[in-house]
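Have a look at the structure below, then the notes.
In this document, chain identifiers A, B, C and D correspond to the written order of the chains, with residue numbering beginning at 1 in each.
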C-alpha cells in the first residue's frame, strides 16, 4: 500500500514541475533538468520504496546545514552552540542580514545562511572538511558522497554575500577565526553530491532517534535529533516553513539544488530530488509529494487519533 | 504518577517566579500578584489534575487569538482566512508593524496582533461578540467566562497601537469594514476572564482533535485543529516560540495576562496561570513547568520511540 | 533677461512632461491634465514674470507642510516644536512609518506625513482651520484660496494610512488629543486650492526673510524662515531631495498635486504648477525648469563667486 | 572683530567638552585627550585666525570621504560616480547596511561608509594611495600630512564591518575588483594625520570654489566643489546633519577623530579639532563653536538680508 501511495504521490508531484523553475543564482545549478523528480522512502522497519530519479547526484546545498548543526551539537553541546545562534524562525529570506544587523547580534537560527556560517565557524577549530565529509557519508549511509568541484567553484565565485555575512558576524564578535576559511568550508559542505536515496538515509536516522536501523549503531544522541527535527519543522523550508508545517506537518529541510530531506518520527525517512523550485526555493514537485503523502498516510505530527499513548 | 510529576513541575516552576515580572503596559494587568501559579491537566481519558491557583480568574489576552482563528476557520474556511493572513512565523514582536509595511501586505500569521485583528475583521460581518463569547465558553467548557470590564476599559484607553495596525490593514485593503469596531471586538476578546481550568478545557478539546471528550460532541473540525495546533507550535509563545518548540515541543499559546494553554495530541490539555512573565511576555513559571513536564513525561512531539505506528 | 531665461526654462521643462505621470493614488488627483505647466517668479524688487498655466487652481498637498510648520514655529516656538519632531532627512518615503516604529519615537522631520501630522496635532489646540486658512492666504498673498471639497472628500476616503500614522504617534505619546480630528485637519490643509502665482507669493515671503516685499509687513520671524528654508532644502523634494539639492541648490517644496514652491534668499520666490510627476512625486517639468534656471541664473546656494560679503 | 568673535566661540565651545566623550570603537582613537580644542579660520582674503590646539595632529577619519569624492569627480566625472552611489541623506547611521540591503543596491550617498568604500573601489584602478596622499596635501595646503600607522593598524584589526560592507557591495555588482584592497585603501585614507589648520586649508579651497586663494591655482572644478559642498550640507555631520543644517547652516564634514572641516562660500574655510564627541560622533566643542560663529557672523546660508545680488 505504501508503494502504491508513493507512486500516486510521485504522479501528483510531477504535475507541478512546470510551475517552478531551476535555481539560477549560481550558474552551475542552472544546468539542472527541471523535469527530474525522484522520491525514496526508507521506513524504520527496513522497507525501501523508490520512484523516479533517485540515483541522480545533485548538490545538497542548504540540507548540509542539518549535518553541520548535528555535528556541532555532538562535538560542542547544546549550550555552546546556542550561545552563538538563536532558535527562532526569522521570517526573513535565508540570506537576509537585516535582523542580524538590527534585532540581534546572534543569527536567528542555524537554518539561515548567517546561522550556518556561524556554526561552521564554531566547528572549524575542532573539525575539518574530511571529518565532516565522513560524518555526512555515515549519516546518509552513502559512501559515494563527494564534493562536486564545479558547483563548489561556481559558488565560490559568487559567494560574496556569504563573505559579507561572515565579516558581519566577525565584527559582532560571534564568529572567531578566519572568515574566508569559514565561508570556504560552508561552501564545500553545500557542494556535497547526494541522491534522493542518501537523503532518505539521513531522514531515516533522524526518524529513528539517531540510530541507523540496519546496524542499530547510534550516530546521534536523542537530544541532537530532537533539536534538529524541531528546527527543520519551524525553519527548514525557507520562507514557506510555516505553511509547510501547517499543510504537511513533517520536519523537512530543502536545498536549492532540488533536494528535500524529511523525517517522520518512529516511522520513516524521505529523500526527494526535484530541481524545479517554487519561488521560495523549495522543490515544487517535492513539496507537493510531501503534502500528498502526509494526507494519505496521516503523517502530520498534529493529526489526532493515531495511537494510544 | 501523573499527579506526582505535576506536583514536582509546579514546585519547579515556582522557583522561577521572582525572575519575571507582571505585565505593566496595560495598567489593569499590573495589579496581578506575581507569586500566583496554577496548573490544570485534563487528560483525554477524563482525568483532571490540579495544583495551585487554578480557579483564579484572569484575562485570556492573546490566547483568544486561538479562539477567533478557530471560529474563522469554522465559519469562513481555510482558503478565505489564509487569503487575508499568512502562516509564517515573523521573527518580530507580537505588535510589530515592520513586516506588514515592508515585506507583505498580509500579516505574517494569526498569532500576532496584526493577524488577529485581520481575522477579527473577517469575522465581524458574520459573528458578533455574543456568539464569540458562547463559542469560548463551549471550547473552554466553562460557562462562567465573562468579559472583565476593567481590563477591557484599560486596554481600550491604551489601544492606540492596535488602532494604528487596524488602519494600516485597512489602507492595504486586507481589512474591510469599520476599523474601530474591529479593534473594539479584538479588545473584548482579549478581556475574557478565564481560569487555568478553562484553558485546560480548551487544550483538551484540541488534543482530542476537536471533540469534547466527556460528551463526545465535535466542536471543531479535524482540519481546524491541525491548523491551530501547528500555528501554536510555530508562533504561539511570542519571540520565544522557536526555543519553546525545541525545548518543550508542545503546541502552546501564551497571553500577557499570565495564561498558557497547551495541547498534547491524543493525550491531554494543559492550562496554566502565572502572571510573572519572562521578557518575551510568557508566564515564566508556566514555561518552566511545561519544560519539566515535557522531559518527565516525554511529551515532546519529536521524541522518538514513543509508540508503534 | 530674466523674462527670456524663464521662457527658455518653461520650454525646456515642457520637454519632460511625457516622461512623468499624474498622481493616481487619490482618485480626484488623477483627473489633472499632464500637459499643464506654469511658472511664476516674483522677485524681491517687485518684478513678476509668468509663463504657462499660472492661474490654474490645484491642491497644495504637501506644500501645506511648510505653512503648518511655519505657523507652529510662530505660535509655539522652536523648542516646543522640535521636542515633538526631529530635523533629520529620513531617507524613506514620505508616508513611511518604518523609522517611526524602529529608530525613534519622534518623526524624523516635519516634511514627511508623520511629522506634519504631529505638527498639526500640536497646533490643533491653539489654532483652527479658519485661522490656518487665513494664514495661508496671507503668506501666499492670495485671498481666493479655499478648500477644494472634492479633493478633501477623496483624500478622506483614502486616508487610512494617515490615520494609522496618527494612532501610531498617539501610542508613542507624541501626538495628544483626538487622532481623527488631527488627521482631518491635515487633509483639509492638503486640499487648499492654490495657483503657481500663490506659491510664488509664498516663496517670495520666504526669500525676503519673512516680510511681504510690497507692504513691508513682517509675517514670519527670521528664525522661522531660516528653519523652514533649511528643511525645504534637505527634505522638501521627497526622496529626490538630496539630488535636487546637488543639482538645483534652491530650497523647494513639492506636492503631489503638481506644485513646487521655491525661494532664493534675498532674490526671488518661484511658484510652479505641473501635475506630471516623476517617480518620486515631484513635478517633472517643474524640477527641470528649476535646474535650468539655477544653471542659467547661478542660483545654486553653493555657487562661489556671486558676491562680496 | 573676527578675531574676537572666534575667541568667544572657542570659549563657548570649551564649555561643552565634558558633555561628550572620545571615540572608543577604535582602540587607538580612545587615547585622545578630550579637553583639546582648536579652531583655525582662513578667509578668502588671506587672513588666518587661530585659537587653541591648531597644530596638534590627529587622524582625518570620515573627512577623507570629501577628498576621495572630490578626486573621483575630477578623475571619473559626475555621471560615472553617481551611477554607483546616490546623493540622498539616508537617515541611518554612517555604518548602516540596512538600506543598502533593502532599499537600493547603490549606497545612499558618498558620506556614509558604504558610499565611500564604493567610491574608493571606483578610484582604485586609476589612482593609488600615493596619488591620493599628494592630492590631500595639495587640497589641505599641508605637506606634512602622512598616514598614522598606529591608527591604520588599529582600524585594520577592527575593520570587519567595513569588509562586510565591501563584500555586500561586491555581491550587488556595484563594487568591482578586490574587496580587501579597496577597504585597505579606505582605511589608509581615514588614517591621514592632519591638523585644524590643514582642515581650514581644505575648507578655504572649497569656499573659494576650487581655487587656492594664495596661489590662484585651480585644484578642483566649480562643479566638483558645488557637489561636494551640497553633500556636506545634507549628509556631512552623521545623524545630526539635518539639525546642524538648521542651526548652523554651513557645509561641514566631521570625523570621529575629532575634526570638523567647514566652508562658507565666498568667505572662509574653518578647521576644527576637538576629540570630545557628541553621541552622533561629531566634535561637541566644534559643533557648538560653529553654531556660535554662524549666529554672530550671520554665516547661515539661508540668512536673508546679507547682500545685494
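In the analysis below, a contact is a pair of C-beta atoms (placed from the backbone, for glycine too) under 8 Å apart; a residue touches a chain by one contact, two chains touch by 3 or more.
Everything numeric in this text was worked out from a predicted model, so none of it was measured.
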Query = Which chain maximises the distance between its CA centroid and that of chain B?
reply = D
Ask   = Which whole number of Å gives the spacing of the CA centres of chain A and chain B?
value = 31
Task = Go ahead and note the Å separation of the Cα centroids belonging to chain A and chain D.
result = 48
Key: chain B: positions in contact with at least two other chains   = 102
Query = Can the chain contact pattern be summarised as a line, a ring, a star, a complete graph, or none of these (other)?
reply = ring
Ask   = Of all possible chain pairs, which ones touch?
value = A-B, A-D, B-C, C-D
Task = Provide the residue numbers of chain C that touch chain B in the complex, in ascending order.
result = 96-98, 101-102, 158, 160-161, 163-168, 170-171, 179
Ask   = Which positions of chain B touch chain A when the two form their complex?
value = 86-92, 99, 103, 108-109, 207-210, 222, 225-227, 229-231, 233-235, 239-243, 245-246, 249, 251, 265-267, 300-309
